[in-house]
Structure formats: C-alpha cells, structure tokens
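Given below, in the form of structure tokens, are the structures.
The following pair of complexes shares a single chain, subunit A, combined with subunit B in the former and subunit C in the latter.
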Partner chain A sequence: MKGSPYHPVMPANWWLSRPSYARYLLRELTCVFVGAYAGAWILGLNALAGGRAGWEGFLAMMMSGSGLLFQVVALISVLYHMVTWFELAPRSMRLRVGGRSVSPMTVIVGHYIVWAAVTVAVLWLGVM
Partner chain B sequence: MTERTIRLEVFRYRPEQDDEPVWQSYDVPCREEWVVLDALNHVKDHLDGTLSYRWSCHMAVCGSCGMRVNGDPMLACKAFLRDLPDRIRVEPLDHFPVERDLIVNQDRFLDSLSAAKIWLIPRKPAPEGEEYRQSPGELAAFRQYSMCINCLLCYSACPQVGLNSGYLGPAALALAHRYNEDSRDGGRLRRNETTASNEGVWECTFVGECSEVCPKHVDPAGAIQQMKLASSIDWLARPFRRKDPPS
Partner chain C sequence: MSMSNKPLVWLPFAAGGMLAALVLPACMLLVLLVGLGALPPETLAFERVRAFAANPLGGLGLFLVLTLLIWHAAHRFRMTVQDLGVRATGARRVVAWACYLAAALGTAVLLRALIVL
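Right after this comes the complex of A and B.
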C-alpha cells in the first residue's frame, strides 16, 4: 500500500530457493521414515505378544516386496539422518579438555566410534 | 581505469509513489577491486541520487550494509565484484518490512535484543575498588559470540524467522548465549523466560544457514543448540532450586 512499508510474503516453495534449504528439508523428511520404522517394530512387538502365528505374520509382511522396499527406504533415511546430524554435532557440543577446545572432527569421529560400538553390541546381543 | 561494466538490478520501493516494488537496472563501469557497495555508491553519486541504502564503515565492521546479492545475504562491502557475474541483483534483507529501496525496518531485531536481555546481569558486585578478572579460558568461552555486528544477515538466511513472526532470531539468541557464557554474568535463568520460551531457542530447527552467512563466524546455530541443552538442564533442575530468579 502506498505510503507504508512493503511487507514481503514468504512463498510456499521457499525451500527451493537455496540448495541448503532443500537439503535441510530432506533431512527433516527422513524423520518420517525413522519414525515409521520404529512404529513398524512396535507393531512387531504387538504381534509377538499375540503368539507365534502373529509374529510369523509380521515377519512375512516385513519380508514381502513392499516390506523390503520400506526397509531399504528406511535404512537410507536413517543413514542420511545419522550422517547429517553427526556433521552438526560439533556445533551442539562445545567441548574443552585441559583448557583447549576439542576439534570438530574429533567430535564427529567420536560419534561414529560410539555408533559402531553400539551396533556391534546390538549384533552381539542378537547372536547370543 | 575502468575494466568492466556490470548490470546492477536493484530492488526499488519508494512508498510515496510505488504500490509494489519494482526492479531498476543500472549499467555501472567498475574496477577490479570494487565491491557491491562501491557500485551502489557509483549509482548514488553519478546515476541516480534517489537510491536509498544503509552503509557506514566500508570494512565489515559496522554491519550496516547487509543486503541480498544474487539471492545470498551478504555485506555489500564484502561482496567483491570480481567474484560475481556481470549481472548482479541486489535486494533488501529478507523477512523484514522494507521502508525504502534496500532499507529494512529493524524494529523486530531491536525488540528481540531487549526481550532476550542482551546485557551483563552481574552474578555478584565487582570487588571493591577492583575490576572483574577473567582467565583466558573464561574469555574464550564467550568471545566468539561477542563478535556479532548486528548485520542481520542471519535473520535473512533463517526460514524460521520468516515463518514465525514471534521468533527472537539467531543474532539475539547468540548474543544472549554470549552473556550466559560470561563468567561475570548470573542472568541465564532470567533470560530463559524468553530465550527458552516458544519464541526462543525451541523455534530453531537447525537449518544452519545463519552460521553459513555470518561474516564474523559467530555460529549462531551452534549457540542456539548449546542453549537448548542448557535450558533443558535448567528446566530439569527447577524443582531443586530454592527460588526462581526475579524477573
């Protein structure tokens, strides 16, 4: 309106205006698959509580074509989510040891070491 | 010696005559060492004296000349023409009302500084007849965040600022963190009233662009994530505190 400040309107496709915005939104979108995968295993636990037939039905569903596709998409999503969050971790964790700042790379590598250790521990529990 | 002519496309909004912003182009003969601010000054001095924009120091200290150059929030005094194509589009910072041409209304930011209590709230009175003393380590804890020059590039880069009009924004929160981390300060719990509210750090979704565009490497995104952790601990500790701080 003439005589007053101009108020810009943010377009609905703002996330296309910069590649970094699109990458951010993709990172956020992976949460959907991370949550869906967790939800699937809650369904699995429920099926297990229902007895052998229910559990085998759940396994069959997960091993079906659509079940495998879902798991592949979920795996890719979780990995993308993990890598992008590990990259951001040094900003959240400002560590100082002996009066000196811990380097960002050390924080990132530390995350991967913990991830690998937890993965090995879970696999070991699975074999036991 | 003139080496190159660039086409400068400038966002124009003159409230006394324009209903909507318009683009105006200027052909500017420029030198190798020029920055965008030099090109704007050439327009102002030789081609069109009606063009309005803010600037002062011409050395990335005052933070006045923040604007979008080919879509990227930048200081016009730090945007070298040799790094840019022959056609350069200059716009005001995003997410702020435009008063005129490249000049935005900064009230929202100034209100955020006040709301986040961007000043030292002493933990205890200074020693009688002495000044506060800080070790190099204590200084290092907050020095990075004290480098903010209030240029508002981070506000322009942050989509949450555009989506949520109540959000305090990256610079105000990074400056609040600067005081929270200061060994002389005891005001963190008072600042939490706004910085840890639904207008503060929890509105940040860690896009991270605020830190990418910061000309002083303040890293507001990092400051905000650290404030999320600190305010969570403060919230958990609340039942064990003897009394809440005065407002």
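Right after this comes the complex of A and C.
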C-alpha cells in the first residue's frame, strides 16, 4: 500500500460544518476530563502513600474553589459521556433473547437501571 | 482471513468507557458532596481512605478502575487529535507515544502507591 494516491482534504474546522459533528467532537473531548480526574486521583493516592500531610494537602487542593470547579466541570462532562455511551450501546451490543432481538430502548433503559444501582451502591458504601 | 490485534486494544478501551459511564459519576458525586459539605468530611478522612486503599480488594478495585480510565482517555485523546488534523505519519507517532507514555507513567505511579500502602 505504498504511495496511496488518495489524500482526502479535510479542513481543520470540519467539526463546525454540522451540529452533529460538533457534538461528536464534544463527546470525544470528554475524555480529557476522564483522564484528568483519574490522573488527579492517582496523584492523590500517591500522596496518601506518603503519609497524612500529603493526603491532607491533596484534599485541600480538591476542595478549594478551583478544585471544586474542576470537579463540577468533570462531572458534567462525564455525564455527557454517559448519555452518549448508553445511546450507542444498542448498536455495539445486539442482544438476542429466545431468538428475538432485544429492542434498542430496552438495552438503553437497562444501562440506566444498572447505572442507578451502581450509583446508590457507591454512595452508600462511601458513607457507611 | 488475516489476524487482527484490534480486539485486544478494543476490550480495555470499551471497559474503560463503560466504567467512565457506570462508576465514575457516582465516585465524582461522592467526593463533590463531601466538598460541598452535604456529606461529613470524615468520609474522606486519612485513616478511612488509607484502610480502603490498603485492603487488597479495595486496592485491586482502585487499580483496575483508574488504570482502565486513563488508558481509555489516552487512546480516545490520541484519536481525537488525529481527527483534528494531525495526520502526518511522524506526527501521529509522536502523539501516540505521548498519550500511551502518559498512561503508562500513571499506571506505574498508581501501582507503586498501592504497593507502598
């Protein structure tokens, strides 16, 4: 496949040409906050391993004004990721029960039911 | 039919995406509610979080969730940078290396922290 003659022309602002393209880019960019939030917690656990002072420094940073703002923006972007991920679920998993395929809506609702159960469990375990 | 290694890459990517959708909002909410004062500050007290992370099951859970999340984010970010116009082979390679190196570094730091704990 050397020297393929076809070079598609893509302007850098392709994502502005249609609202659905912009939504696609927004959805993909939510990964920045997933990575940043998980990365913050890795640094937090690293601080935790260092002792009490490190952990309390990490918590003070997370609970400061800018830390809370970061958390709110990260939560909103992860919720957007969640909605779009569940929306795509019926297309990536075609379930069949007793020879009949499960309707896309059932697959999506099923994901939200599991999500609700996980959320209640995490919050309950967190404060227990 | 030729063999492809795509499924091997796709499995952790999909697992990370599923965790980011199913588990991450709840974890974020828990921490945020403590920060906003809706939950007691002792929820994230040093002894408590330490005991959780030092517990083999808790540590394994943290390792799996955080590792899959950062590798998911690294791969998705790499693809998005390509979508935004970085298409030359050399530049693509640099982006891929930077993304996966960051994820590998995160994995190493996390693993070391959990072993120390």
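Simple rule for what comes next: the second predicted complex is superposed on the first by the 120 of 128 C-alpha atoms of A that agree within 3 Å, B and C clash if a C-alpha of one lies under 4 Å from a C-alpha of the other, contacts with A are read in each partner's own complex, and residues count from 1 in each chain.
Operating definition for what follows: a contact is a pair of C-beta atoms (placed from the backbone, for glycine too) under 8 Å apart; a residue touches a chain by one contact, two chains touch by 3 or more.
Computed from a predicted structure; not experimentally measured.
Enquirer: Thinking of the overlay built on chain A, is A:Val114 touched by subunit B (first), by subunit C (second), by both, or by neither?
Expert: second
Enquirer: Looking at A:Leu45, would you say it contacts subunit B, subunit C, both, or neither? Reply first, second, both or neither.
Expert: The answer is second: A:Leu45 touches subunit C but not subunit B.
Enquirer: Just subunit B (first), just subunit C (second), both, or neither: which does A:Gly65 touch?
Expert: neither
Enquirer: On the superposed three-chain arrangement, identify whether subunit B or subunit C touches more subunit A residues.
Expert: The partner that reaches more residues of subunit A in the superposed model: C.
Enquirer: Just to be sure I read the superposition right, which of the two partners does A:Arg18 touch: subunit B = first, subunit C = second, or both, or neither?
Expert: first
Enquirer: Would you sort A:Glu28 into first (subunit B), second (subunit C), both or neither based on which partner it touches?
Expert: both
Enquirer: Applying the document's definition of touch, where does A:Trp55 land relative to subunit B and subunit C: first, second, both, or neither?
Expert: In the superposition, A:Trp55 touches subunit C alone.
Enquirer: Kindly classify A:Gly98 by the partners it touches after superposition: subunit B alone (first), subunit C alone (second), both, or neither?
Expert: Once the two structures are laid over each other on A, A:Gly98 reaches no partner at all.
Enquirer: Looking at subunit A, which of its residues have contacts with both subunit B and subunit C?
Expert: 10, 15, 28, 92
Enquirer: Quick check on the complex: what are the subunit C residues that touch subunit A?
Expert: Residue positions touching the partner: 14, 16-18, 20-32, 34-36, 39-40, 43-44, 46, 49-50, 53, 62, 66, 69-70, 72-74, 76-77, 79-80, 83-85, 87, 106, 109-110, 112-114, 116-117.
Enquirer: Under the stated contact criterion, what part of subunit B meets subunit A in this complex?
Expert: Residues 13, 15-21, 71, 94-95, 97-99, 105, 137, 140, 159, 162-163, 205-209, 211-212, 219, 221-222, 225-226, 228-229.
Enquirer: Show me the residue ranges of subunit A that touch subunit C in the complex, using the header's touch definition.
Expert: So the residues of subunit A in touch with subunit C come to 10, 12, 15, 25, 28-29, 31-32, 34-35, 37-39, 41-43, 45-46, 48-49, 52, 55-56, 59, 62-63, 67-68, 71-72, 74-75, 78-79, 81-82, 85-86, 92, 111, 114-115, 118-119, 121-123, 126-127.
Enquirer: In their complex, what parts of subunit A are in touch with subunit B?
Expert: 1-8, 10, 14-15, 17-18, 20-21, 24, 28, 88, 90-92, 94, 96, 99, 101
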